[in-house]
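Look for subunit A in each of the two complexes below; its partner is subunit B in the first and subunit C in the second.
Moving on to the complex of A and B:
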């Protein structure tokens, strides 16, 4: 009995710092954020005004100055959430398989591929902005390759029809490093004798890839897709820094809209709306994850 | 040429193309940092015609880089330290010790993975404003540490579970205390996982912009991303200086990563298997 108590106390002592930090930074912020989503407040008046579900209704349909913008941001967010994980897998899986098949330069290439992850953030986003300018190197390269018709004279981020997809590609560019590294570790865990046996039975390299390697990597793919969806829903730093939602809301996403409502509306009482939108985003994240998990289970 | 030879050449060609793509913005960062104000305007060529060090020097003198570096190091250093101490203890308890509430707490921490940072950003700012933490470095570190909880607990618990239980039993039979077993048996065996966590925490913290932007007002407390931003907020953007500043900001991260890379990759392998 005494030893049992001792083990319990030791356990609680070990988790105490994490729980204490969570109690202050987590419980309170989640609780008050949820409460605020049912109130109207501008951040300065002493009292919140309780409005029930009004904030949610305004965001989803009731307020004509808000709802259409939110719906558009939701559509943009959904495109990002589907396209980024999908393209990341489509690029990093073949990249990892190819890298795993060569011997020379493998270590060097692996480091080079990882560079975008290490440097991603404001510094790289500014570099991309420079490259995507009207006279930037992307346009100049297209022109000198005789593909001048594809160049964007207003710049890739200023043209409403290219801005969102340009950002999606940059997001993929920064997501490929970790995905490739995860696939490489997955490939190294595959028992070589299994591949060897299939080859002796006369399977062509393509069949080995399709029937053995890709199925064995499915758990890894599931993880990459789940984390990719989460990052696309949660992250908006790139949208804030590179376009700030422009041109004309064409790259606005839900997280960015939440941020704008929270910090850039002056004295307008939008803090409750911002909280409500934040929680809608949370519900979206959970639903998308469940849908994804289901889809992946069926594929397996 | 045989078929195998052709396949190999094609493989290297594809790998080289993606390597170029990975390096692309970085190469232009280096190139722009050595161009003059005039030369950057007619862009197009990667190798500067008349490379100059002046751009890097002017940029360095124009911004308080020493302050920004110190501030970024403080914030990133304390965050990494906090994450490693707080969550290695908690993960050890989840993986090894038996006590009431262990399972519930573990799943609570993991479930936080789904709470978007933006959803709690406003309450964090309101709370810190009340506690007088807003605008301080500690006010950044605490939410950053708390924000890494889900992934860190997930990875470290898996790492500790992969340590054979017999080692702990043997140490206990020798009379070692729980703290001693944790420090002398588990930590040394799971070092790669801790380095992986350190890198996965340090990189986004070093680049964090959103919370820093809304909470830091005092320019002497600015971190590198905020310093970098001040270069681009003017009406005329001098891209050679922006690129030079970007280069100054990313070089230390690249250097540290190059140094830790081996452990990082091993830690990731361990975490994935565990």
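Moving on to the complex of A and C:
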């Protein structure tokens, strides 16, 4: 009996730090965040004011000075959520197949295509800003190539019709390396005899890709799409640093709106609203994930 | 006998400590401020931290109290650090906060102590008149606050901070060398909005890439706050200007008067520096300092930042946003408003020493020293000593603070705004008017009326 008790105690002693850490950093913060979404608080007062579902109603329809902005941000977020995963898959899959088939300089080429992942982050967003300025390299290259009519005199981020899509392309640029790496892993897990058998049966490379490789990579595609959706829903750094939601609110997204509600409304009691918007984003992410999983299951 | 002696000595010690505590700023405090004490302070301005640390050396030499000043930047980090410290009980003794807003919120939320009993009339009298009550929560502010605002729980008349720096927005900085190159006078500011727009046209024609106007429109509200509002105030006069923001849209931005003011603002459209909407406030100032624009709009505080970025103050011509020649006022006077203030945290165990420090840095000697080091105007009225204490360029900016009271634009007067006023929304609408040209003045007027209408409705 004493031995069992000691074993039980020893076991708990080992797992307690991890359980405690999760309880404090995970369960407590999630619970506290959820509770906050039903309260009004500015982060300073000792007491929260409970408002029930008011924060959710204000964000969705009830507050006329808040709801329209949230709807505009939701539309921008949706565009990002659809475009980023889609373009990432469309670029990274052929890229991975090509990289998988080359024999010479394979290591070097993989390193080159993986560079954006290594360098990605806040610093690269600043670097991109310089490239996209009115006198930046992108405009300079276009003018040098005789495509001056495509150059943006105000810069790519100052034109409302190019700003959001420019940010989407930068997000894709930073997502492609990871996706390519995942696809390469998936490609190397495919049994070469299956491809070989298809070729012997007379399948063209395009048919091999369409009928064998793409279906077998479906789980990988699901993962990449999920990562893309998650990053698109939660990522706000690029929007904060590169445009701050501008020009004129044209690149505002829900994650940025959440951040702004938490930290840029003076000291107004908007932390509850911010938390509620965060939970709405979470619900949106879960729904999109389920829809994506269902769709891919059907495709498979 | 020994016991009696000990009691007498104890009483004498207590009396000395009380006297020392009472000596700060002429106010009354309960704790003593003694040599050897150490206090801490947080500021959100890097330039202030260096200047305050220099002032702290003087203060320590005089009182024996040491002060550790820490800069926490940028603003959102400063705010979240205060939030965390408030939860863990690790706040410093003194906080420098945005005046007439953030400081009051911190006070009403219980983080800053009520110092109304410590700051007597003589102390208040040191400050520029329009800034004296910036740290006082008045009944009007409580009445206008939203139902869930912490102001509703606070006591009217509480003073949570004293003004520290003051200034005005809507100051235009012009590069003298670029003016000269464009054939414009480097010493004479434009007398009217029309002359300003004509000067912009000339400088932009001379240098299409670097002859325009810079302003950090990535923070969209600066166009509305710093340029449009002083311009509209001068054009319409105070009463009609305040009417623009009211519930009655017949006198709002979409009214003929409102549209005219937006039309004046839209005249800037061809002259914005390329990419102005992608620049933050600091980035726009840096662009100006680097010669990428001929004109830049900022506040009195911008001079310090330009100097830090290598632009000598004697190379710039400064003037407030010029009034339209066809408007109600032919002159613009900028009422100085308190920009930052100093408060004692409610958890401070060194309240008397903290008050003594605030007393010192808001005295003419302390304020002058900080102003000279930081190139930021103090809220303390330095009077005739201003030029000696602060230097000529900084003192020159103060001339825009005095003039006809009728044409004085007071950016600190927020009594006519809806409760929970969110300046980003009108800022975005005005950016869509200029430089984006997505709206014409009439459409922008309608959109602004809708925005303010929604804010009034939300406030109800």
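By definition in this document, the second predicted complex is superposed on the first by the 285 of 300 C-alpha atoms of A that agree within 3 Å, B and C clash if a C-alpha of one lies under 4 Å from a C-alpha of the other, contacts with A are read in each partner's own complex, and residues count from 1 in each chain.
What we mean here is this: contacts are C-beta pairs under 8 Å (C-beta built on N, C-alpha and C of every residue); 3 or more make two chains touch, one makes a residue touch a chain.
Keep in mind that this is a model prediction, so the values were computed, not measured.
Asker: Using the superposition on chain A described above, determine whether A:40 touches subunit B (first), subunit C (second), both, or neither.
Answerer: After superposing on A, A:40 lies in contact with subunit C but is clear of subunit B.
Asker: After the superposition on A, what does A:56 contact: first (subunit B), second (subunit C), both or neither?
Answerer: neither
Asker: As a test of reading the superposition: which chain, subunit B or subunit C, is in touch with more residues of subunit A?
Answerer: With both complexes superposed on chain A, more residues of subunit A are touched by B.
Asker: Which of the two partners, first being subunit B and second being subunit C, lies in contact with A:135: first, second, both, or neither?
Answerer: Both subunit B and subunit C are touched by A:135.
Asker: Touching A:244 in the superposition: subunit B (first), subunit C (second), both, neither?
Answerer: A:244 contacts subunit C only, not subunit B.
Asker: Classify the contacts of A:263 with the two partner chains as first (subunit B alone), second (subunit C alone), both, or neither.
Answerer: Touch status of A:263: both partners.
Asker: Which partner chains sit in contact with A:113 here, subunit B, subunit C, both or neither? Use first/second/both/neither.
Answerer: Touch partner of A:113: subunit B, not subunit C.
Asker: Is A:185 in contact with subunit B, with subunit C, with both, or with neither (first, second, both, neither)?
Answerer: first
Asker: Where on subunit A do the contacts from subunit B and from subunit C line up?
Answerer: 43, 133, 135, 263
Asker: Could you pull out which subunit A residues touch subunit C in their complex?
Answerer: Touching subunit C: residues 40, 42-46, 49, 51, 63-66, 68-69, 129, 133-135, 153-155, 157-158, 160, 242-244, 246-249, 260, 263-269 of subunit A.
Asker: Using the touch definition up top, name the residues of subunit A that touch subunit B in the complex.
Answerer: So the residues of subunit A touching subunit B come out as 7-12, 14-15, 17-19, 21-22, 24-26, 28-30, 32-33, 36, 43, 91, 94-95, 98-99, 101-102, 105, 109-124, 126-128, 130-131, 133, 135-137, 140, 173, 177, 181-182, 185-186, 188-189, 220, 230, 233-234, 236-237, 240-241, 255, 258-259, 262-263, 271, 274-275, 278-279, 281-282, 285-286, 289.
Asker: Hey, which residues of subunit B end up touching subunit A in the complex?
Answerer: So the residues of subunit B in touch with subunit A come to 8, 11-12, 14-15, 18-19, 21-26, 28-29, 32, 41-44, 46, 85-87, 89-90, 92-94, 97-102, 105, 108-109, 112-127, 142-143, 145-146, 149, 153, 178, 182, 203-204, 206-210, 214, 225, 228-229, 232, 239, 242-243, 245-247, 249-250, 253-254, 257-258, 261, 265, 268-269, 272-273.
Asker: Name, in rising order, each residue of subunit C that touches subunit A in their complex.
Answerer: For this pair, the touching residues of subunit C are 76, 79-80, 82-83, 86, 101-102, 105-106, 108-111, 146, 148-150, 153, 209, 217-220, 274-278, 280, 420, 422, 424-425, 428-429, 431-432, 435-436, 438, 451, 453-455, 457-458.
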